[in-house]
Amino acid sequence: MNVPGERPILEARGLTRRFGGLVAVNNFSFSVHEDAIHGLIGPNGAGKTTTFNVISGFYAPTAGRVLFRGLDISGRKTSALAAMGLVRTFQGSTLFQEFSVLDNVRVGRHLGARAGFLSRLIGTDRISEREADAKARETLAFFGLEELAGEPVSNLPHGHQRMLGMAVALAAEPKVLLLDEPFTGMNPEETRRMMALVRRIRDRGVTIMLVEHDMQAVMNLCDIITVMNFGALLVEGAPEAVRNDPAVIEAYLGSTDGAGHAS
Amino acid sequence: MQAAGTGGLVRRTAWRLRLVFLFAMLAALPYLLSYSQQEIAVLLVINVLLVCSYRLLTLTGEWSLGHVVIMGVGAYASALLAKQFGVPVPLSMLLGGCMAAATAALLSFPLFRMKGFYFLIGSFAAGEIIRLIWKRFTDPFGGPKGLKRIDPFPDIEASFLSVDFYEPVNYYFLALAVVSVSLFVLYRIERSRIGLTFHAIHWQDRLAESVGVDTFRYRTLAFVIASFFAGIAGGLYAHYVGAVNPTRFSVDQMVYVLVWAIVGGTATFHGPILGVVVLTVINEIVLRALGLDTARPLIYGAILILSVLYLPNGLESLGPRLQARWRRWRGGPAAAGREPA
Amino acid sequence: MDLLWQTAVNATYAASYMALIAVGLVMIFGVMGVINFAHGELYMVGAYCVVFLYAQETFPFLLAVAAGLVFVGFVGIVMERTMFRPLRDNPLGGLIASIGFLLILQTLAVFGFGRRMGHVPPSTQGKIEIFGAILTYQRLFVIVAAILLLAALWAFLKRSKFGRALRACAQDAEAASLQGISMNQTARVAMFIGAGLAGVAGALTAPLVSPTPYIGHSIIVTAFIIIIVGGVGSLEGAVIAAVLYAFVHTFVTTFFDGVIANIVGLALMLAVLIVRPTGLFGARERA
Amino acid sequence: MLRKSLDRKISRRKFLGTTAASGTALAAMGSGLSRVAFADNHTIKIGFLAPLTGPVSAWGKPGLDGCLIWADWVNAKGGVNIGGQSYSIEFVGYDNEYDAAKARTGATKLIKEDGVKFIMMLGGDTWPGVEKIAEREGMLFSTLLPSDLSPDSTTLVAPCEVHPIYNVTGVEWLAENKPDLKTAVMCAQDDALGKPSVATYLAAFEAAGIEMQDEPLFFDPTTTDFAPVMTKLLAGNPDILCLDTCYADYVHPLCEQAFQQGYKGQIISCTADFYQKIIEKTSVEFMEGFIFQFPDFDDPALNSEGVNFVNPNEFYAEYAKRYGASQWGAVSWEYASIMDLWADAASRAGSAEPAAVLEAMKAGGTGKHAFGTADWWGTELFGIDNALVGDWPVVVIEGGKATIKDFKSIPAWWDKHKDLMIKHMTALGQMWNQRG
């Protein structure tokens, strides 16, 4: 197993997000280290998804900062963050359902396949496009989807769609990959395969942060886990420490649905 | 998206043959038409560009009610440049297109704060304001009466060739040339990564954002490109008819563009073209020839309703549907069983 | 001072009929998700109901107005059943269908009543003076009817089971159908109310305007501006925007002129769109 | 009616040719058309190119209806005698939807495919699309909007409607008969008809020594509520309320509002279509003395010697019988009166060819206008003498009935006050050399 680097690659400092009177995230800080697989968990309504949305640029923070490689990125657009190497995935099968599998990943290569407007018109973007295609196929191969390149997405089974979602993100060559509930709705076999994939992605030098409900998977996969409750930091530490932390147990027992997962 | 192998080569050759055939037809067309039908053909060709440029904008999922006003910006700009500053007409048309594109670029700042339905009404508001400016500032826009006696496209007077663009046949070929080049450009854009990105924004803008697509920039790009070609269509119109006025670019006219696009269908490149051609032929030739007189709008309205009810995916879906039915009929019950319904 | 007060009375009338039209338009949009381009023509049909029943057949005015409401309401139901229901998942198709319907209504009006204006004699020439401002009974009818109808609608939507169903469908059609609310039934009622309000506005104002088969165009443009200012999904917003627009437009017309009033109206719309794209009372999240 | 006449023209073959995809069918039709056009040597076709559907159709369709009566009457009498041969007249309508491009297409069709000898238009927005064709083909055109006239178009005439210049006659009559009325206010819709009319009234008021209390009030053509407009106009208690050239659907609510807001003074307007209905909305007393410019066609004064319109009373009765009195308007007789002028000119020319007819029309610088012999005039205002201007009736409502009080001479007014007219027209940008 890789040992996470010492340098934090992604940090939140005093992050706060309000919606009207509701405080979804309250003075929340954490740091993700390079090459880590970092889990963010918490009972329902703890503010995980909001945190994710703030980090990925969908919402601007009400207060506090997000740092990426030491640079303040709070409030920047999602697309700008992707260009810096911070890419997120979405829950479920959020894909370009009307496209072929290959075209989905080709969109993921958006940043890599640069060409001017004119060269697109007259077709001199062929070189960069061929390269992008090759990269896209390579990414598909990484997920074992190369055979399905020509298929329309809607023909894919659910599990494959989830992998394709990750392929699209990976095609953007992220430094940090934010995974939004990658295991939700999977059976144990699928979960096991997905976990192996996440590790392999990390082994390619991609730092991973994930939000997840499936405690089993998080405990087995993550190097470090941050637990949120009521929009704030509850506990942070290695899986073992977190699992046995009384505050965590209480938080999960206190919420109706989290209890089963925590045990 | 990419054709590969020998199958691709065959397909490409067939496609090219079809294109050659199409152009031969288009070239022969005016000689088969009466004089007034040639006039209709000129306007039709211009409207094809208008509706195709509109489709490019809709690729990103945004529907505008201001496209005809943008066409008007091109028409007014080209007319004024020619009239007031003596800019030669072909150049003024190009500049008219640029002016339309620049207007779109400017408008994109307030408009692309909105999406979907709000963009639709926002574009309506922006268009109404532009029209009000034309009405209000009689100098230089001519007020409610607009501009007339707009310089025509200059005649070609060479020793071996003399082309008078007042003749609809000649203007038809001019418009056909301009529109063909424009459509080719629009087609290339859609087939390139830019088009892929437009589609991506349409279907999942957040996912596109997450892999680095600046959706605001791409929406603006679609809007600017669409507006440029709408402006060119406006220039072609202004220098053909010789007059423009604010009423010509009102929301009533925009409704027609919307109707052409939706009745034709916007899933394919040729859908809106089918829409504008079929509806124009019905309204301007068939219904007039039937002597329906004042009942014309009623029949036209009924056709619109029936077509969206029974061809919800547009006229473009009619071809494949008929093809499937033909194949089933020809293949008999056995073949029909094999094909998924 | 007198002029100010008279202008305020004028504006109140304008606000009343504009509110009826705009609320109807919002209602149809809210439940069906369709922009009803034929809304101005529904107003026109309402006006011609009065031309026919009251001016030509000499039925009592109020009866003709009531008939206008009911008849146009049924026209709305016909639109729902034949066009908007089959096109529920196709809002642009619905838009095109409403454009087709608009052309049909215009042509039918020309066939039935000619292309020149219709005539409606006033039902009464009485008038009252309110602190020196003149208000004719004819206009007072419109104001009172608008207040009563909108109040009744408000009560209906707040109190009845149907009102809840209507609001549920407007917010989330899918969730509503899961709760056992019949989408068809709700849409039918919404369409009846929305169209009926446009019809009753046309019927009530028929003696005050000169209805022509093409009057719908003037109506829909104004109604559009109002619902944009008010926020497209909000009934309350439509009413408040109608009042706001009517006052601004009337005061500017009186103290400057009518063309400037239109410019100010459009500028108001643009300002709202730039500051708050979803309108003054529209839901934020939909943008 | 029109449908019937169109049906006759469209042979089944032609329709099939139009729609069939087959190129040969289309080609056959192309050559077939010229045969259709000249099939009958004893019929002359006249084009009617105006809006027949849509919001502006009220300015076109009733005119075509009137022309059909005109044609029936003339043809019943054996037609028009041209060069010793009688020709029946047939109207060919084309709906231009008040759009310049469709007008262009229509003009082309009427000239090249129907072989018409003369085309009547409403003009306005549609004329610029046709201008070039008129010039190229040398076709004779008429318009109801003299502001279309310009020295560039020598074959366009305005032989009936000389809007808005005749409005001066009403003001002149008012000043002569009610000299104690000294102040006026005015409103108009902001469009191509309203603006030149405002300039005309301003000039006429100034010439008559009547003072404007305020700037003219412009309103948008989409206005439906006229209470604020009237509140503003009446704020200063004017002697005279001028409704300019407001359309009928504005004049009615404007009068109703003036009545309701307690106005008791003089009203002057260009038109007062369906004034009986205005009286229903107001009162006979309120409308007493209302001055406007368009007589009832059952007015006995129209049977006087000088009036050239043939059988005005019977014409109106026939129109009301066929189409209903509620569809009658100025355009109902105006196009027909142009046909009188054309038929007269064609007879004198001995030819239906446009150039010959135009020459005969303008011969001697005078022509038979509907309301009497008139002069070809207009150089100073339109840049060309192609408007037929003479006497125009001043109509006053008396005891609930419109009555022609006088025929007043427009040229006589012009000779005295033309500087004023040019001044106000220039100020509003309405001179022919100021138009875009």
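Letters A, B, C and D mark the chains in the order given here, with residues in each chain numbered from 1 onward.
The rule we apply is simple: a residue touches a chain if its C-beta (ideal position, glycine included) is under 8 Å from a C-beta of that chain, and two chains touch if they have at least 3 such contacts.
The structure presented is a predicted model; accordingly, all values stated were derived computationally and were not measured.
Distance from the centre of subunit B peaks at A, each centre being the average of the chain's Cα atoms.
Centre-to-centre separation of subunit A and subunit C, using mean CA positions: 49 Å.
Centroid to centroid, with C-alpha atoms defining each point, subunit C and subunit D lie 36 Å apart. Subunit B and subunit C have CA centres that are 33 Å apart. Residue positions of subunit B touching 2 or more other chains, listed in rising order: 294, 297. Each of the following residues of subunit D touches two or more other chains: 53-54, 57, 61, 190.
Taken as a contact graph, the chains fit none of the simple arrangements: neither line, ring, star nor complete graph. Two chains count as a pair here when they touch; such pairs are A-B, B-C, B-D, C-D. Residues 35, 37, 82-83, 86-87, 90, 92-97, 99-104, 106-108, 110-111, 217, 221, 224-225, 228, 232, 259, 262-263, 266-267, 269-270, 273-274, 277-278, 286-287 of subunit C are the ones touching subunit B in the complex.
By the touch criterion stated above, subunit D contacts subunit B in their complex at residues 2-3, 6-7, 9-10, 14-15, 18-19, 23, 26-27, 29-30, 33, 52-54, 57, 61, 93, 95, 98-101, 104-106, 108-109, 112-113, 124-125, 127-129, 131-132, 136, 152, 190-192, 195, 429, 435-436.
Within the complex formed with subunit C, the subunit D residues making contact are 53-55, 57-58, 61-62, 190, 217-225, 227-229, 231-232, 235, 248-250, 252-253, 256, 260-262, 273-274, 277, 280-281, 283, 323-324, 326-327, 329.
On subunit A, the positions that touch subunit B within their shared complex are 56, 58, 77-80, 82-83, 87-90, 94-100, 103, 106-108, 110-111, 113, 115, 117, 120-123, 125, 129, 132-133, 168-169, 171-172.
Interface residues of subunit B facing subunit A in the complex, by the touch rule stated above, are 1-2, 185, 188-189, 192-194, 196-197, 199-200, 203-204, 206-216.
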